[in-house]
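Supplied in structure tokens, the structure appears directly below.
Order of writing sets the chain letters: A, B, C, D and E. Residues in each chain are counted from 1.
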Amino acid sequence: MSRFAPLLFRLAEETGEHGDEVHHAVEAGVTSGWAVENVWIMLLLPFVAAFLIVLFGRFDEKWGHRLAVTTTVYMFLHGSWIWYLNITQGVLYEKSIVIAEIGSNWVLEWGWVVDGLSSMMYFVVGTVSMLVFFYAVGYMKGEIRYAGFFAAFSLFAGAMLVLVAAPNLAQLIVGWELVGVASYLLIGHYWEDKTNSSAGMKAFFTNKVADVGLIIGSIMLATAVGSFRISDILTAAEEHAHDLEAVAVVGAILLFFGAMGKSAQFPLHVWLPDAMAGPTPVSALMHAATMVTAGVYLLGRMFPLFEGLAGVEARQWVMWIGAATLLLTGLIALVQRDIKKVLAYSTLSQLGYMVTALGAGAYTAGLFHLFTHAFFKALLFLGAGSAIHAVHSNDMHDMGGLRKFMPRTYATFLVASLALAGIIPLAGYWSKDEILVGINAAEGLPASEFVLWVATVGAFITAFYMTRTVALTFFGQYKGHGHPHEAPAIMTWPLMILGVFSVGVGWVNIPGVYTGFTDWLAVRAHAIVEHHVEGANWIEATEWGVALPGLVAGVLGITIGVIVFGRDEGTQAERDRFRIPVLYPLLENQYYIDDFYLWLVGLIKGPLARAIDWTNSYVIDAVVNGVGVLMAGLGRIVYGGVDQRGIDFAFTAFAGAAGGSGGLLRRLQTGRVQQYAGAFVIGAVLLVIGFTLFR
Amino acid sequence: MELWTNGAGLSLTVVLPLVGAVIVGLTPRASESLQKVVALLTSLATLAVTVGAALVFEYGQGAGFQLGTDRPWIPGIDATYAVGIDGISLPMLALSAFITVLAIIYSWNHWDEPKNPKAFLLLILVLAAGMNGTFIALDLVLFFIFFEIVLLPMYFMIGIWGDKTPRSVPIFGITMETRLYAALKFFVFTLFGSAFMLLGFLALYFNADPQTFSIPGLIAQAPALGALPFAGWIFAGLALGFAVKVPMWPFHTWLPDAHTAAPTVGSVLLAAILLKLGSYGFIRIAIPVLPEQAKEFAPAIAVLAVIGIIYGSLACLAQTDMKRLIAFSSVGHMGFVMLGIATMTEIGINAAIIGMVAHGVITGLLFFLAGSMHHRYHTREMARLGGNLALMPKMGWILSFTAMASLGLPGLAGFWGEFMALLGAYNPLPGLDAGLFRGAMVTGAIGTVLTAGYLLWMLQKVNLGEPKAEWAGHEFHDVDRYEMTAWLPLLAFTVLLGVYPKLVFGATVPAVEALVQTAFGG
Amino acid sequence: MFDLSLAANWVFLLFAVVALLGGGTVVLSRNLIHAALGLVATLSSSAALFLILGAEFVAWVIIMVYVGAVIVLFLFGIMITRAPIGREVSLDNERRGMAAGTALVLFATLAWASVSAFGDVELTGIGEPTSTDTIAEALFGRFVLPFEIVSFVLLAALIGGIVLARRDATPDEGNPV
Amino acid sequence: MTFEIDYLAIGPEIAVALTVMAVLTLDLLLPKSQKYWTGVVAVVGLMVAALPLLQLVADGTTRTMLDGSWVVDDFALVVKALFLVSGYLVLLMSVGYIESDRYYEGEYYFLLLSSILGSLVMASARDFITLFIGLELVTAPLFLLAGWRKGDVRSNESALKFFLIGVLSAAMLGWGMSFVYGLTGTVSFTGIDAALGGLLADEAMRPAAVLAVLFVMTGFAFKISAVPFHFWAPDTYEGAPTPVTAYLSVSSKAAGFVGLLVVCYQAFGSAREIWAPTLWILAVLSMTVANLSALNQTNIVRLLAYSSVAQAGFMLVPFGAAAVGGADLGQTFSATIIYIIVYAFMNLGAFAFVLAATRRTRSGLISAYAGLGTRAPGLAFMGAVFFFSLAGIPPLAGWYAKFVMFSSAIGAGDTWAIVLAAIAAVNAVIAFYYYAKVVKTMWFDAAPETPDKDVSMVPGSLQLSLALATVLVFAFGILPSLADTLGRAAQL
Amino acid sequence: MTLVQYLLLSSALFSLGVYGLLARRNAVMVLLAIELMLNAVNVNLIAFEAWIRDALAIGQVFSIFMITVAAAEVGIGLAIVLLVFRSRETANIDDFNLMKG
């Protein structure tokens, strides 16, 4: 393991008692310099671009991609540079600009963090964004609101960078929600159709629900520490600060709840499949780099807390939720006909892997999967987009045999599928393998063996549905209309570049051979303790008892997939219509979770809201109006009954007792002046008697 | 400069609009452009004075009031003409002067029936004088006067230029024009509250030694006043007056009616400034003068605030009228402000102030938009709108942006108020029931979800989708010059406050710190 | 207490009974003229009582002003308004019972207060008439201002009374309020 | 015994008395078409009467004569000035009204001036005989003036009711005074005050003493039309000529309050335990009953009648607050005076507005004012000013009246006083409703289709009174110390 | 002789007057009743004066003022009754009910 000379922070490399546990912490070569000190340019540029696009886009739509693509190219360059610096020397830099100081201990800041984790994200976001943006230039050609699309797209990428760069939880929340808004705009890009705008709303709204957790969790942690700075919180976690200890578990779980929204963990996953309503580049970016990774990133960023102070109590939930997500959403992917939906559910499933890994304490593995997944999932989406672009349908039953029409798309898609299925030596294999190993090592966590089984089965499922997808899309006969043809170069080039990445990015962390990724990520201010595999070569280092079942599951999945869908190319669609009774409707309806949510929202928006509105009009307002009406009524009674009838009023009661009701009406109509006079005298006499008797 | 040391400068914020009002009143009714110019120039001059005050204001100085004066006014009751500003009132004063200018610009070519620009502008200027005066007054009697002065112009605005459609009053089977119902309700409600507020002021006066109406003077005597056996009742009286104005649940029902019925500019001023008079009163008077009682009442205030948040949001979901929805949203937003105040902490009160400013900017803009849309569609029924983004893209995008700001999107003005109110509620003043406040925080946070819900839902109904068939042949004029001039500053401020909240905190933090230190001893 | 051995008391009793009978006639008679004459009886008896108490001047003023002038005025009034002269059933309204009740309660209160406060006061030195000098001195000395002012009351009553009672040739058109 | 007459001390009264005579003489001499000169003389006479008043103010010493039965102190000077100014305004309001019909101008002014003379007398009277005669001089001409619109049966009826109740109250007042005399052996206030405390403490004397105090109060309660002694007011206000109504509701009521103030605070100073709770009750009743009754009124004058009863209730609040042992009597005393001063001008303004507006609408119904805001904005503006001032909305003068009223109650500090203040507060809100109803009708309701019958100019004198009242209402509202200083100077 | 016998007489007269005031229908009759009340006050004043015997004879002076005022009131009252009668052709108070508001 190569290590860099300690510069700023303590060198904390100690071999654990058991030999395979490594504490890694900070060793950084770069703590200053233009690249890290000027990250703000990268953060600000997308927003400026978005603003300028809005300003100039109406004169010429081309400003949209001109500005946006330029921005992403810059992001790519800057991100890559930092990543390069990190790989070669390690970077560690943090800068905060105070925007307000409230009271003695509350400081609001904007800033950026450059360390292993964030520079990885800068690189991923920059790279994937740039490629997707290029792709989108072709894909979105002639579409409505072309310029506006790029504005929102820039915003999306920029918001993600703000989130990633956040040195404090407040800024993180800002980026977090801005990502949500940008996704709302992009998913609902074709807002003329209500389905699309509803999908956008759903995404935003689900995220907002999860954000409650993030906000409350942040507040709890920040209050306990007295600062929003993540580094302060993590330091307190390392030092087992008493105040933090009390809230660490709850705070961590709440943060994870926030992450569940962005990273679409079960049962808050419902928005992600619907988000396919947006244009395909949006899906690619969202699934690969900019939105769903945010939750995983957050877990990674706060990992010392989860791993240390919050401990098993918090982490077990992370793992279980992740496992549930990877299995349950993977199953749903089996029954989807919409190619993008398959990919969407596969993303969910893969996110489940990442979260499970982090829950299990496998920090590097989880983030490594994030890293590899970003490339092959972006590729899959762009490939799917390319196919959709060609056949003008999302339904795989309208495709088939596309490998003949679109060879480049086919080839790259196939590579990415295999990578996703975890076939050696493609990118996905290495990361998934590490996750399985990580889960295996998580002995302290309850039910970790079971989770390992789930993850292995998940690998099988993943392989199976990807095989199905490839088979239905690219093999067999073309079932759609018109003549599909290969996408233009601006779209295929990104595919091919991503294809290369999909093959190779896994090689940066091969146990026993080269574990650079582990080191790169370890460049950070706060120590990480995790299980890590060491060895002379990867065959030796690999824990085959875990890795082999995973690989076998993948191969098995592909094999069965080929058997089911590969044989008779003419009837594959027929066979796809095979239904398993109870299970199929359950999967088809996503376990009815969506329906439950709709019912719930309907309940709130309908009866509950109406009840409140009713309360407003018929209870509170009724009291208010009632007082008014009462006063008016009282006025009538006092005026007509007391004031104008004077003493008759009293004497009627008098006479009424004596049974003289016959005279009642006449009494009321007789001369008033004498009633006045009577009242006058009676009033005085009563007062005299009163004051004499009751002194 | 003399202007700033003898209180003349601050007094100008009241005097200038009044002078403008008199000039407008003296112009012949036909010369509308003259009236507009006069009104605009006066409001601009007032804004300039406010900016001047902000420039000479010493921000570092926490305690104490600046740029003010204290002159005899009614010696018989020891009431003085005492004015001055601190970091708490400065942002509110600036907001008031700022919104007034925009309201007048917007009015340039937007007149609700029966038009009559002369009267309308006159009322705006009188309103401005009242609003500015409330924020600079340092004497309870003076405060009371200004607090009440704003009622009259608003009453007339709603009553004369308001919504003329009939409204049926449920249960009682009465039908009357919305404007009449709303105007009356607005006035009677506020008067009811302020009558008890006045009793509270008097009780403070008589129990002070030496007797005084001066706010700083009373604050100096806070311990003695707090020890009075009936101090709780005094606080209740003050709180009632302010709570009606805020408005806090369950005293809020005048608000949806008044906001909905008022003419556009009326709604804007009502939402942007008038509501703040109540919450400002809490911060300026109720809490520092009777801190112990404020502490006793804080849980109740917090609970009512949270009920307001949830209740207001749910009520929004049931609205079919766009303007009424926006109106109801104020109940929720002011709930956050009150939650912040109820925490009695620096962070909470700062949150309340920035929340007030942000709500003024954002909801003001929303009402401008609702008005302009009504101007074009002649309906506010959301069921009939739709596809606004296609028909009027600029209007639609501004609406979307503002709605996003209103739902508390981070990076925009609305966020800090909500977020910090929750932050404050998590850790209220020592001695307050933290469990209750944390419950309030969680509920409030859930309220943010509902807020997002109704605003997104409104956007979907109004902005998105295909335009309805009934608008097929219509030509719609997108945002015009005057509208843009009035709105751009608001848009800019929405972003600025979100990105750089120090614009407000810079002024408020030292003042709030001093306030909390004095009241609760740190 | 009421001492029947004193001659003055017998005189008092006589005039008091007459006064009360007269008063009763005023409020109970169904004949307007009788009522007016009842008032004459009451006023005359009170004048007599005033004489007993030594208030000579006042007694004669009563006789002159009331019996001489006011009653004449009343009779004029009765005749001008063509009030029913003779027995008239409806002279009293339906609230007689109520009115009687009020009057009784009032009387009880007044009597109780009087007896409680002055029940044991004996009037001594009765019959020494107050000299008119004394009254004149008081009226033109200590009470000169009220004396001057009361003339304005009379003047106003006179002039205003004439205007109101006068029959106008053409009625005015009437302002709305 | 000799009694010196200080002619300067009765200077204003002499001036007014001379004016009365001058008006009467002029009325005899002038031909019918020249009768308006009587009005001019009346106005000038009031102005002349102000000269000795100013001299007295400048002089500054308290003048006492006739064995203390006539006192010219700051209190007397302030209220005399108030009577003169409000009388002046009523005269201005009357000019056009009286001219417009066959209303016996000369006699009208004669009676009005007589009444003003009576109120001046009341201000200085410090014994019961003088006070009684002053009160009668205030009231007697008003019985007649109430019926001045001879052609209108409502006017006749109102005069009769007013008269009957008025005489009844005079009889009760007389009975009460006779008992006061019998109990104390004197009619001078200081003498009564000295004796009354002992009498109330004496078990046997107490019923008679209470009776005496309360019967006297009854007479003034009638004058200020406090519930339940108010029944005449709505009918009389509605029927009487409007300038007379204005006078009734302002000067005559103020005279009643002046009487009540001197009687309560001086003559019955030691009987506070009786009058203060009584007036507490009357205040509550007056505010509540009158405000609630006013809610349903359709006739503007009748509305103002109930309003003035309710305002009397507010003016009684300081008296009620004085029931508290520790109440600052100086405070409560001046609170009433300040209220009266402020009330006088806003209420006169309201009546002047009614007069002017009715010239257009030719109807006493509130609904006839619909659309006045567009038909006559200036007038409607002033109307709004007066009505909102009556409602107590800042910055119009009424707020300060309400303020000192609340202040006196809260200053007393006792539970009962605070309850009274709370009741007053609720009543202030209720009252707002009907005041606002008038403003609402003027400004918010659509104008009727039919054009105004008479859009002729409002007479100059009426305009002048409107303008004066408006200026004063604003001036007192923004600089309340004007009224405050006067009110606080006016101590017994 | 005792003071109280005069007082009781005047109380009775006063109460009779009140009864008449309340019960009589004819306006002139009501006026007569009021005269009765005012006269009762005079009885009081004179009786008290006979007891007190003060130097100024205040009771008597007061009663003279009382009589004068009463006379003026009668004049005014009759004028009003006459006026009302002329317009309404009745002196019956029960009929005076125009203003019910």
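Remarks
One rule holds for everything that comes next: contacts are C-beta pairs under 8 Å (C-beta built on N, C-alpha and C of every residue); 3 or more make two chains touch, one makes a residue touch a chain.
In this text the structure is predicted, and so the values were computed from the model without any measurement.
By the document's definition of touch, common neighbours of chain C and chain D comprise A, E.
Path length between chain B and chain C in the chain contact graph, taken as the least number of steps between touching chains: 2. For the interfaces B-D and A-C, the C-beta contact count is higher for B-D. Farthest chain from chain A (centres taken as the mean of C-alpha atoms): C.
Think of the whole protein's Cα atoms as having one middle point; the chain whose own Cα middle lies nearest to it is B. Between chain C and chain E, the centres computed from C-alpha atoms are 6 Å apart.
Per-chain CA centroids place chain A at a distance of 75 Å from chain D. In whole angstrom, the spacing between the mean C-alpha positions of chain B and chain E is 64. The mean-CA centres of chain A and chain B are about 35 angstrom from one another, to the nearest whole unit.
Multi-chain contact residues of chain A (touching two or more other chains): 628, 639, 670-675, 677-678, 681, 688, 692.
Contact with two or more other chains is made by residues 1, 129, 132-133, 136, 140, 143-144, 147, 150-151, 159-161, 164, 168, 175, 179, 182, 206-207, 210-211, 234-235, 238, 296-297, 299, 433 of chain D. Multi-chain contact residues, meaning those touching two or more other chains, occur in chain C at positions 93, 95, 98-99, 102, 106, 109-110, 113-114, 118-119, 137, 142-143, 146, 150, 153, 156-157, 160-161, 164. Taken pair by pair, the chains that touch are A-B, A-C, A-D, A-E, B-D, C-D, C-E, D-E.
Taken in their complex, chain C has these residues touching chain D: 109-110, 112-114, 116-119, 137, 141-146, 148-150, 152-153, 155-157, 159-161, 163-164, 168, 170-177. Contact residues on chain A toward chain C in their complex (touch as defined above): 647, 651, 654, 663, 666-667, 670-671, 674-675, 678, 681-682, 685, 688-689, 692. Those residues of chain A whose C-beta lies close enough to touch chain E in the complex are 639, 644, 669-674, 677-678, 681. By the touch rule above, chain C contacts chain A in their complex via residues 93-95, 98-99, 102, 105-106, 109, 113. For chain A in complex with chain B, the residues that touch the partner chain are 54, 98-104, 106, 108, 110, 170, 173-178, 181, 184, 188, 191-194, 197-198, 201, 204-205, 208-209, 211-212, 215-216, 219-220, 222-223, 601, 604-605, 608-610, 612-613, 616-618, 620-622, 624-626, 628-629.
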